[in-house]
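Order of writing sets the labels: A, B and C. Residues in every chain begin at 1.
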Amino acid sequence: MTVEPDRTRTGVEVQMQGLSRSYGTVRALDNLDLTVQAGELIALLGPSGCGKTTTLRLVAGLEDAESGTISVGGRDITRLPANKRDMGMVFQAYSLFPHMTVQQNVAFGLRLRGMGTAARNKRAVEMLELVELATQADRYPHQISGGQQQRVALARALAIEPQVLLLDEPLSALDAKVRAQLRDQIRRIQLEVGITTLFVTHDQEEALAIADRVGVMRAGRLEQLASPTEVYSRPASAFVAEFVGLSNKLAGTVSGSTVTVRGQELPLVDTSTPAGSVTALVRPEAVTLASDSTGDSGPLSGTVIATTFLGATSRITVDLGDTTILAQLGTSEATELPAGSRVTLTIRPDPVLVSAVETAASEE
Amino acid sequence: MTAAASTKTGARPARAGRRPPVAWVGTVPFLAYTGVFLLLPTGIVIWNAFKGNTGGWTFANITGLNTGLVRSAFVGSLELCVISSVVGAILGAILAYAVASGDPDGLIRRLYIAASGVLAQFGGVTLAFAFLAAIGPTSGILFHASWFYDFPWGIAVIYCYFQIPLMTLVFLPAIDGLRIQWREAAENLGGSTWQYWRHVGAPLLAPAFLGATLLLFANALSAFATIEAWEDQISYVVPQSISTSLISEVGLANVHEGDALAAGMIVMVVIVMSGYFLLQRRAARWQR
Amino acid sequence: MAALNQPLADLAADLTGPAAARRPSGLRASQRRRLNAFRYVAFIVFGLFFLLPLFAMVRFSFEGAKPGTWSVAAWTQIVSYPGPPPLLSSIEITLELAAISSAVMLLLVVPTMIWIRLRVQWFSKVMEFICLLPLTIPAIVLVVGLAPIYNKIERYNVSALMLFWAYVILALPYAYRALAAGLAAVDAKTLSEAARGLGARWPTVMFRVIVPNMWQAILNSLLLTVALVLGEFTVAYLLSYVNLQTNLFEISRSSENAGVLFSASAATLLFAFALLLILSYVGRRLRRGRP
């Protein structure tokens, strides 16, 4: 989901500058600069240990930054303790207070702020209606499902009308189906309320689906911060290209502003790439297959070795003789090309990311 | 006591016309043994509590419990047990918190848990001797303090020697069960440390704490050797009264007074232990 | 102060080491510092409270005739104290009692537990209840009911060794819990079905298949029983038997400062502690032996 350009955004800007944090000898966060626009949802994406959760916890105040500043709405909060930061946080799991009912949980933050019983109960019910759980108000956390618990956690975080919403892998502990539904619900609510949000996840599909911008992180640094489509089709580095979606690595030659891969000329993402031999990263869905009845063997012809059925689409592995390549097709087309069929490939001329030959091989 | 009676006469007879429940046989030795040496004595105690001096039935033994010396023994037991269990519970909870808030794999934790395991069982006359060596008026190495002979506070301190480790052992799992996320969520929602404990931590720990205190109470109630070795001239507590009635040659008003005392103790301990089990179940409700 | 080095190192590791990295504690640095200060103080205070009497007891056992002098007289007296009865004989009796009680307890409980687990599952609740009953019926109460029973026993055998009948009962709660945990860890049903499928009869299943997998729990319960017997006073005293603890008690009645009281107690403690250590090493060896 994306935001319509003319929508008025409420919420405040969150700015992180030069944020660093180490644990012993491990540098969890290395000089991070990141600004979340008012009302924006940024998804921090990356593998374990990349620093995304650390960033979130630093913003929340649950950990101390070693250096750098955090500002919310222009105000420096770096030294402010966690309980004075006016942020709402949703944890991965188990964060609801087990001895309180759902409604009491949601009203808890308001109770701490001295709101009267009637007023806070009214607000709690409003929040529960927002997450569509008003009927469960008198139940206890252990009596409701995981997905419902996370919705309550969201209601609880929003009840205090925080300036910023922080979500730490809120869907990781849930079933796949619940995950998708809840993901969309969170995004819908976030847009409705217009709150500035930081969403941490290791699931790239999640990040691409709901974020205004995606921040891909690795080893404590931000590799790329851009819209989902940009991160996907114009990855800034080989790591991003490989972490977000699949890539084929094919040898190619750069000259001018194109790279020639297996006889086909493709445009470059970065037109200033110096000429020479490179490894080009080609998305499987950019590869189309056609049945080859001519028996030619050229750089773009090969044999199907395997098909992976993914539902609406299928992924086909093709042996080109000197290397293998992945293609992604609609399943109905894929079934016409069983293992053993001879095929010719065409690579769609999407801009392609290239990396120097030596380093490509050393990527994880 | 029918179970004891039937198993003492031998193997269970097979039911006519049905396949004999052979598997039952395996439980016979155990039932026989515990029947004779556990259930039977308990039955005897309760049975005799209601027997008169010359045979026949009477409540005299029970009502006799309310007189002078004996009543003061019950009061003494209550005093000593309440003090040692409450003090032991609070101090033990503090120690448990200190252990629980450290490195889960660390040496200190393992050391204190092992020590607690040993010390919780460490009672009896040995404990009395140890304190004698430490603070006895005539022989104490460390310092002399006759205050420790005062009842009930002095001896309660000595009881804490095994009450605190017992509390640490029993209460530690409850503290471990406090999830970090609850603390962080409370903080995130604006709560201070005090507010976290008041609204979240304490309510969650309360059932386990109360249950453990009851366990300590039952434990203190049953203790005999230590106080007997520490000061035996006066019967301060019920166990000592029982001892007197069993051993003493001096005639007692009621022949079965000892049984009545013991029956009275059974009632007390059963009530306390039931409370403990109920509270344990309630505390476990929230641990998934 | 060398003894504090390890705890200090421990605390330092808590604050900065890999453990700290693993553990997002939800506490910021200043809170953590305050907490560690509290922990440090707590451990010292409690440590002193628990160690001082023990230390005093050991120190006193080396005290000579005149205060301030050293002597091992108290320790040699363990074997030479005349009594009557001689302390050595009480020690012998107690050790024998420990052995007999442990053996009887294991023979009574282990086969029954396995049998119940395999054949009469529902009975396990009953067994658990009975085994935990002695926690609610303490020794001081039990002995009142045991008195008439022991009167009958004395007609056949007056030896203090007859105490084992009662000791097994006293040990039940602790031993049962250790054994139950051990049995639960063994998939008794599957193992027994496999063994029977290969033609084994019940005794073989029990003693050659299941019991060997319960070694640690068995050792554990053995240790608990031995520790209990070594320290048992109440039942022996009130049934007018002589064992180690009653003997020491009588000695203390007649001469409160007898050094042998402290040396014997310290020796018992050390013995129990040594057993604990041996158990933990054997347990580790057994665990490592498994795939």
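Everything that follows uses one rule, which is that a residue touches a chain if its C-beta (ideal position, glycine included) is under 8 Å from a C-beta of that chain, and two chains touch if they have at least 3 such contacts.
The structure presented is a predicted model; accordingly, all values stated were derived computationally and were not measured.
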| item | value |
| --- | --- |
| Reference chain C; chain at largest CA-centroid distance | A |
| Pair of chains joined by more contacts [C-beta pairs], B-C or A-C | B-C |
| Chain A-chain C separation of Cα centroids, rounded to whole Å | 56 |
| Whole-Å gap separating chain B and chain C, where each centre is the average of the chain's CA atoms | 17 |
| Multi-partner residues of chain A (at least 2 other chains) | 61-62, 82 |
| For chain B, residues contacting two or more additional chains | 181, 184, 187 |
| Residues within chain C bordering two or more other chains | 24, 26 |
| Parts of chain C lying in touch with chain B, wherever the complex brings them together | 6-7, 10-11, 13-14, 19, 23-27, 31, 35, 38-39, 42-43, 46, 49-50, 52-54, 56-57, 59-61, 63, 108-109, 111-112, 115-116, 119-120, 123, 127, 130, 133-149, 165-166, 168-169, 172, 227-228, 231-234, 237-238, 240, 245, 248-249, 252-253, 256-257, 261-262, 265, 268-269, 272-273, 276 |
| Touching residues on chain B, where the partner in the complex is chain A | 179, 181-182, 184-192, 195, 199-200, 203-204, 285-286, 288 |
| Of all residues in chain C, those that touch chain A in their complex | 16-18, 20-21, 24, 26, 28-29 |
| Interface residues, chain A side, partner chain B - complex | 60-62, 82-89, 91, 93-99, 108-109, 111-113, 142, 153, 156-157, 160 |
| In the complex with chain C, residue positions of chain A that touch it | 23-24, 26, 57, 61-64, 81-82 |
